[in-house]
């Protein structure tokens, strides 16, 4: 990966952050997956009582909180991928290719059912 | 953001993917947060019965599955951030700065308690 | 707890189920919490692209699936509580009393903000 | 369901709690599923940096917190089931019967792989 890339820079910065605190001992993929879903839930919590429309136009103060929840998710996602030796960008591009085959635009237009429900 | 950046390229590709399928109507931040946590749970499910040690050395076939779960999380994270107008990289750098203040290396070395438990 | 009680009967049945399969070794509270949230996510997945209104009137077939997701959550909740020696019914009654103090009816009527946002 | 049953009593108490606060308008199954998983994540958060062994012997103060997280999960589970007209006890008994068929004791003893991995 290009070392000037933003995600690669974050990966390095987070690895140093953990190393300086001797936290690698806690950062097993199992534990990181738990931390990641706990952060995802803090995102969910912001939206649970809102209508879908309200979730589209958050008050400024709430948006600032949500922004940092998104950051937390990205941080643990990068750490998990790093510990497993996964290149997140390459994985996402692979997955998009799979989704393009699974959900051909002309077949699923305007329809959000899950893949398994098409078969 | 630099348009040659990997995350920015993914953001654009995913926006086009949704537009071609007329899926933006479903992609409210509320719904995307739900999709994101559902993907995070698929990651958790891979690790739930493993020891922390086993989670560090996944069999090749399982790692390939886990890699695509990580991709799914990144995909929904990018979509959520895009819908909310959040720059993920800037947000993550801001959050790391907050964490550096909250968890000074000399104070928390080798100790994984949560911030609230230090006070 | 009254041994004729439905929840106590389930607790016993699930303890026997695990014992017969020698699964207690996997059923640490840590692992059970992961299994529980993975089941909660399968519930979320059923609702993620539905409008709130659609979620109120599920087609019969989907309701049958959702019913079994709720069962899975209850099963892991009972197992977790059992392993921790927690009486779920007593805990829920204690928590409702706390909520009655935290959310006085006359103060929060028609308002779903979280407790922390009232202060 | 027997009206002296503990779960049925909780169901009624929680329905009254919501009605007195005019909260039924927020309690769609979609929103309740989000609240439920957010509570499940608070449980996960307690365990994320613990070893499996540590999760088996929680300090008294932490156990008291975990007990109330379990209560929160049960509360939202009962509300969701109530809104969908699902009898949780009957559903759990049905699911256990399915699991007995899917995981015959003699076949899966001491082995925690998921059902799909046996085939």
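Chains: A, B, C and D, in written order; residue numbering restarts at 1 for each.
In the analysis below, a residue touches a chain if its C-beta (ideal position, glycine included) is under 8 Å from a C-beta of that chain, and two chains touch if they have at least 3 such contacts.
These numbers come from a predicted model, not from an experiment.
**Q** Where are there more C-beta contacts: B-D or A-D?
**A** Greater number of contacting C-beta pairs: A-D.
**Q** How many degrees of rotation carry the C-alpha atoms of chain C onto those of chain D, rounded to the nearest 5?
**A** 180
**Q** If you average the Cα atoms of chain C and of chain D to get two centres, how far apart are those centres in Å?
**A** Chain centres of chain C and chain D, defined by C-alpha means, are spaced 2 Å apart.
**Q** Let me have the rounded angstrom distance from the C-alpha centre of chain A over to the C-alpha centre of chain D, please.
**A** The mean C-alpha positions of chain A and chain D differ by 26 Å.
**Q** Tell me, which residues of chain C touch at least two other chains?
**A** Those would be 26, 31, 33-34, 37, 40-41, 44-45, 47, 49, 51-52, 112.
**Q** List the residues on chain A that touch chain C in their complex, please.
**A** 33-34, 37, 45, 49, 51-52, 112-114
**Q** Per the contact definition, I'd like the list of chain D residues that touch chain A in the complex.
**A** 26, 31, 34-35, 37-38, 40-42, 44-45, 47-49
**Q** Under the stated contact criterion, what part of chain A meets chain B in this complex?
**A** 1-2, 5-7, 10, 13-14, 17, 20-23, 25-26, 28-31, 33-34, 36-37, 40-41, 43-44, 46-47, 50-56, 58, 63, 66-68, 70-75, 77-78, 80-81, 83-84, 86, 88-89, 91-96, 98-100, 103, 105, 108-110, 112
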